[in-house]
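Presented below is the structure to which this report refers.
Order of writing sets the labels: A, B, C, D, E and F. Residues in every chain begin at 1.
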Amino acid sequence: METSLRNHLKGKIPQIVEGSVVSELELETSIGIVSSVITTRSVTDMGLSVGQEVCAVIKATEVGIERC
Amino acid sequence: METSLRNHLKGKIPQIVEGSVVSELELETSIGIVSSVITTRSVTDMGLSVGQEVCAVIKATEVGIERC
Amino acid sequence: METSLRNHLKGKIPQIVEGSVVSELELETSIGIVSSVITTRSVTDMGLSVGQEVCAVIKATEVGIERC
Amino acid sequence: METSLRNHLKGKIPQIVEGSVVSELELETSIGIVSSVITTRSVTDMGLSVGQEVCAVIKATEVGIERC
Amino acid sequence: METSLRNHLKGKIPQIVEGSVVSELELETSIGIVSSVITTRSVTDMGLSVGQEVCAVIKATEVGIERC
Amino acid sequence: METSLRNHLKGKIPQIVEGSVVSELELETSIGIVSSVITTRSVTDMGLSVGQEVCAVIKATEVGIERC
């Protein structure tokens, strides 16, 4: 394994809401929409755009558990 | 909507590794294993155990994006 | 208990600063102002507005300790 | 202001659960118990013990909002 | 020690991108550029501006490890 | 760029404190010690050990700013 970040969720980008500093990026995954807020600089540097397939990445310590 | 936390991933608990302070809890979801670290106190207070169906909950600001 | 998120602080919203992607929301609680940054989408989806009583929710792993 | 970390909650330590790597520390504040997970190394380096008055410190981006 | 936050990286601010709610602040440190997103309110309250020397502060639980 | 995670700090591992669930890993970098808490499962899966050179990875939204 190359990373300690345990959670990687693959999905397609249906929408990017770009702000001046941060952007909201949604991923359409097999388990539903996953929502992410990253810097707009990263959106530009990575060349992210609607329709691309990318992975959401989440550190295990950021994941809570709820009854649902 | 009742919460600002945008990401909820439903899954079944295949395994809990309990430590004295924090525990690692895996969820078997339709998109694969999701890994979570929560306090052992929460595992006890929620009565979490293997086989239960619960939700992983993640704030959008904690979600990064990577090529994969 | 229904959630592993251990910290819930009740307060009234005195002010919302809305940005295009994220918004800053303050809560007037019995212990003082609590400040939160959430997606503007959540502000809309939850129908949050000034004067409402809601809870700030914080995972224990996000809480540091300082002399004060 | 000396820090960008917007939330500081003062309280007394009623209990420390020490693990080998991380410890759970509770603060008895005027708004109720606040729960924190920090490294056991920090507990030692700061000389934290039951009865001391310290502050919980939380970045605004880590604070979600829920109906309650 | 006065804080449980274990990581402090000193640097000079070469650039601030200010948004209405959050701002991106870069620090030029001896190990390279460190990038931070804080509330614009903190930028104002702290009087941060280009050329100042400040510290980035990071909780150890927020730090992942990767091969590089 | 392959990732939205903006901060990567290269260093050598001088010490790993292994717990049953999480481990504390220090990196000796050109800017000083960087401290990280990851799952012990990641330490094992990545084959991390003292003396190896790896990168600390940190999302910009997790980085606060302080006078120092």
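Definition applied: contacts are C-beta pairs under 8 Å (C-beta built on N, C-alpha and C of every residue); 3 or more make two chains touch, one makes a residue touch a chain.
Here the structure is a predicted model, which is why all the values come from computation and not from measurement.
**Q** Counting hops between chains that touch, how far apart are subunit C and subunit F?
**A** Shortest path length, in steps: 2.
**Q** Hopping along touching chains only, can you work out the least number of steps from subunit B to subunit F?
**A** 1
**Q** Look at all chain centres (mean of CA atoms) and spot the one farthest from the centre of subunit B.
**A** Result for the farthest chain: E.
**Q** Which integer distance in Å separates the CA centroid of subunit B from that of subunit D?
**A** 22
**Q** Averaging only over C-alpha atoms, locate the centres of subunit D and subunit E and give their separation in whole Å.
**A** 21
**Q** Once you find the CA centre of subunit A and the CA centre of subunit D, what distance in Å lies between them?
**A** For subunit A versus subunit D, the centre distance works out to 29 Å.
**Q** Hunt down the residues of subunit D that sit against at least two other chains at once, touch-wise.
**A** Correct list: 2-6, 19-20, 22, 24, 35-39, 41-42, 46, 57, 59-62, 64-67.
**Q** Can you list every touching chain pair?
**A** Touching chain pairs, listed by label, are A-B, A-C, A-E, A-F, B-C, B-D, B-F, C-D, C-E, D-E, D-F, E-F.
**Q** Using the touch definition up top, name the residues of subunit F that touch subunit A in the complex.
**A** Touch list, subunit F to subunit A: 1-6, 22, 36-39, 41-43, 45-46, 57, 60-61.
**Q** Under the stated contact criterion, what part of subunit F meets subunit D in this complex?
**A** It is residues 17-20, 22-24, 35, 37, 61-62, 64-67 of subunit F that touch subunit D.
**Q** So in the complex, the part of subunit B that touches subunit D is made up of which residues?
**A** My answer: residues 2-5, 19-22, 39, 41, 59, 61.
**Q** Which subunit A residues qualify as touching subunit B in the complex?
**A** On the subunit A side, the touching residues are 5-10, 24-25, 27, 29-32, 34-38, 42, 46, 48, 53-68.
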